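Note that subunit A is present in both complexes that follow, paired respectively with subunit B and with subunit C.
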Partner chain A sequence: MAIEIKNLTKRFGDFTALSGLNLNIADGELVALLGPSGSGKTTLLRIIGGLEQAEEGEVIVDGANAGTVDIRDRRVGFVFQHYALFRHMTVFDNIAFGLRVRPRNERPGKDEISKRVHDLLKLVQLERLAPRYPGQLSGGQRQRVALARALAIEPKVLLLDEPFGALDAQVRRDLRRWLRRLHDEIKLTSVFVTHDQEEALEVADRVVVMNHGKIEQVGTPVDVYHRPATPFVYAFLGDTNVFHGRLEDGSPVLVGGEPPSEKQETARMYVRPHLMDIEHDRASVESVPAKVMHINAAGPTVKVELETPLGEAIMVELTQDRFLELKLERGTEVFATPRQQQLFKKDDYVI
Partner chain B sequence: MAGIVTKQAKAGARRARGPRTPAQIGLVLIATVFLVVFLLLPLVVVFSEALSKGLGLYFAAITEPEAMNAIKLTLIAAGIAVPLNTLFGLGASWALAKFEFKGKSFLLSLIDLPFSVSPVVAGLIFVLLYGTQGFLGEWLADNRIRVIFAVPGIVLATMFITFPFVARELIPLMQQQGNDEELAARSLGASGWQIFRRVTLPNIKWGVLYGVILCNARAMGEFGAVSVVSGHIRGKTNTLPLHVEILYNEYQFAAAFACASLLALLALITLALKSFIEWRGHSGS
Partner chain C sequence: MHPTAYAVGLTMARKHKSVLPGFGLSLGFTLFYLSLAVLLPMAALALKAASVSLDDIGRTLGSERVQAALWLSLRTAFIAGVINVVFGLLVAWVLERYNFPGRRLLDAFVDLPFALPTAVAGIALTALYSPNGWLGSIAGIAGIKVVYTELGIIVALTFIGLPFVVRTVQPVLQDLDAEIEEAAASLGATPYQTFRYIILPHVTPALITGFTLAFARALGEYGSVVFISGNLPGKTEIAPLAIMTKLEQYDYNGAVVIAALLLVVSLIILFIINGLQAWGRKRKLA
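== the complex of A and B ==
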């Protein structure tokens, strides 16, 4: 079901958690709300889910104002950050809960409930764990039980709060691919909250980048990664080197190593570490002299940390081949050159 | 590093084997003496004194009409006070632990009031409120309702004294458990009552039982407040602890200790139940 968010504002005392938010989510979409902690992403999710009320604005789900519909009739599946499984119930009873609490005339029969629960257990690949208690499960298993429990009420919208936050790296990667497949299989509208950009970019159809209760950018993973709308989005989606410079006739001028004074600075250049190159000789006017401080060659790429004479750190990621070619060592004097950069004028980053 | 680990392991093993140094032995000795003199000995004395004149007299002392009446009254007072305070405790802890509202800390300290007020003062408050010279005395007299020196006064005093037990037990437990499961239940479509019965209550049931048992022990054993409002009318307004005092003051030691042994027995049962619940509560969660 499509979700329409109009002019949403939420305050906690003096703190404005969300200010004038607008967002449209299409039917069947998988959307990530991405942002640092305190950006309002979880608050937005909870308002969509009806667990929290907004001061202003409205959430329209499937053409009807969600604020006026009782949470019981909204058919929104919510997966909580720490799963919130009922600890005194077995996995089976946890999943059956949503069906058993229905009013008598809507409640499925005992056999029907049992069949539905077992279907869901099969879906989340936990058939053998039906009689266990949550305390006896691993983090990944609990996560999947929480998901099955939310799906039991046949939701129109599935909301997930930091679904992989409490899991270790390997389980996380497996589970998010699995979630992507599951979403495609069962065809509902899903929104999940995360602070992990990798997770958002890998799983979601569209990413909503949030900061300070506002939306910075909405777009496909390719959009937000390659065409970030604001310096914040650029910086949040990956490691970033920032160069200070000035604009002359609309093009940036970086005087190597010499930062312009506060007045002169009219632009900042953002460069990802893998879009930097290292040379032994000055290659262009944009090259910055620096010294190699640290080398980490363990991995698919080589991460080199440089320091300018002014003490600023520059991160560079080189291919293994390029690294061998350059024969870098700690203390080598080199020049760092941006190969491709994103320019933000002063107006963009003055907040 | 490995050296440190083995050293610690050795120290642990030594501790497990028992005290070694004179200081350790001394501490254990002091603790044991305290335990025997202040806890074990009195308990033994109660039962040995109670049975000092033989089993026949023991049963006669606890089955004579006045004693039976005192037992009945104690059961009535506890029977009313404990369920009501359990209901109140559930409600209060639910409100205090799961919701934010103005005056929350005031309500919290109000619940603690019976703990901080001397029971005798509590009794006097009720005399001042409901006695013939009291605040509501005239109205009560006009309507021929007796509160002070009658059963209602005893029930009221008992309720006041045992008011915090269940709530105090549940508030930290509920706070620690948080709201997540309730929110999850709500998002799955459960009504308020269903959430309470199916999610909240099962999570706190051992805490409730624990609170009820402590509340009951105090309700049956309460002396000070009840003593002030009861008027000590034999066979009418004497609870078991008051009955013990009267017998003792009349030098009927064996009878007094026989009745006291009932209270001591209650304490032992309470203790056993308490340990059982603690054990179940831990292994259950």
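== the complex of A and C ==
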């Protein structure tokens, strides 16, 4: 079901958690709410789920204002970061809970419940664990039980609060691919909260980047990564080098290593580490003189940390071949050159 | 000695040692202390009981007065325990779930029955519930007599048992995330269903432990009860008082028999508590 969020505002005392948010989520979409902690992403999710009330604005699910519907009748599947499983119940009973608490006239029969639970266990690939208690499962298994439990009530929308936040890196990667495949299979409108940009870009159809209770950008992973709307989005979606430059006739000029003088109109340039190159000689006017401070060659690329004479750090990612070609060592004096950059004018300075 | 050999010898010796020093000494002291303070008096009682003739046992336990006292103690301790389970859970819930001015003060009040000398509690309760006391006069209007009745004993035992239930349930409630209740609500459970199927099963092991502790304490409670009960033989005479009466009559064997019986009941309760705690642990989230 489609979700429509109109002019949503939420305050906790003096703190404004969300201010005037508007967002449309299409039927069957998988959307990530991405942002640092305190950006309001979890609050937004909890308001959509009815666990929290907004001061102003409305949430419309499937054409009806969800704010007037009690949480019990919303049919929202909510998956909590720390699973929130009922630990005195077996996996089977946990998943069956949502069906068993229905009013008698809507409650499915015993066999029907059993069949539904086993179908869900099959869906989350935990068929053999039905009689176990949550305490006997691994973190990844618990999270899948929590998901099956949320799906049991046949929700209109599925909401996941940092679903992989408490898991270790390997399990996390496996589980998010699995979630993506699961979503393609069941096509349920889903919103998940994460502070991990990699997770958002890999799993979601669309990413909503949030900061300070506002939406910075909404777009496909390709959009937000390659066409960031604000410096914040650019910086949040990957490692970033920031250079100060000046504007000449509206186009940016990076003056290598020198701080711009007061009178000039300044601009900031954002460059990803893998879009930087290192040379032994000054290649262009934009090259910045720097010294190699640290080299990490373990991995698919070589990460080199440079320091400019002004004491600013520059991160550069080189291919292994290029690294060997350059024969870099700690202390080598080099020039760093941006190959491609993102310009933000002065009034965009958010960071 | 060769330096390497010495080093090897050192590692071997260290291998079995724990990082914490003094295990041998502290274990020795613990055993000694427990024996002296706990096991020795019990053993003395058991030995003394073993030397009592079957006749004496039969005579003591056969006496209607003793039977009435034992039965009264079990019954009142049980009822007081049940009352404490209900209201102790309520108190623990309010103290854990809500924030209000004076919460910490109220929390401290819960320990009052622990801290108060039992005789003081007994006198206070008797004064309060006597026919011309504050509460006793109100109860009198309703035609209820508290002091010198079984009801009075139950009141006293409820008073001293409350902290046991509150203090065992509180940490368990604290342990129960608000998320769990939100999860239940989002799955469509009514507040009653959430309480009945989620919260209650979660706190049940703690409630049973609290009940058992309160029950065991109430079974042996003496100081706070003797004033309010009036000690009418066969009517409001509790088991610990029956022991006192036997001693005053120089019937040591009779006293030992009743004491041994109470000891056995206490031990059974202790085993039940331990069993319940093991059961509760097994179901805990790792």
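For the reader, a short list of remarks on this structure follows.
The rule we apply is simple: the second predicted complex is superposed on the first by the 344 of 351 C-alpha atoms of A that agree within 3 Å, B and C clash if a C-alpha of one lies under 4 Å from a C-alpha of the other, contacts with A are read in each partner's own complex, and residues count from 1 in each chain.
The working rule: contacts are C-beta pairs under 8 Å (C-beta built on N, C-alpha and C of every residue); 3 or more make two chains touch, one makes a residue touch a chain.
If you're wondering where the values come from, they're calculated on a predicted model, not measured in any experiment.
In the model built by aligning both structures on subunit A, subunit B clashes with subunit C. In the superposition on chain A, A:102 makes contact with both subunit B and subunit C. Using the contact criterion defined above for the overlaid structures, shared-chain residue A:183 touches neither subunit B nor subunit C, since it reaches no partner.
In the superposed model, A:244 lies in contact with neither subunit B nor subunit C.
Using the contact criterion defined above for the overlaid structures, shared-chain residue A:77 touches subunit B and also reaches subunit C.
Look at A:153: by the touch rule set out above, it reaches both subunit B and subunit C. Of the two partner chains, neither subunit B nor subunit C is touched by A:116. Shared interface residues of subunit A, touching subunit B in one complex and subunit C in the other, are 49-51, 71-73, 76-78, 80, 82, 84-89, 97-98, 101-102, 135, 149-150, 152-153.
Note for the complex: subunit A touches subunit C at residues 49-51, 71-74, 76-78, 80, 82, 84-89, 97-98, 101-102, 133-136, 149-150, 152-153. Residue ranges of subunit C in contact with subunit A, taken from their complex: 177, 179-180, 182-190, 193, 197-198, 201-202, 283-286. The touching residues of subunit B, when paired with subunit A in their complex, are 180-181, 183-191, 194, 198-199, 202-203, 284-285. Residues 49-51, 71-73, 76-78, 80, 82, 84-89, 97-98, 101-102, 135, 149-150, 152-153 of subunit A touch subunit B in their complex.
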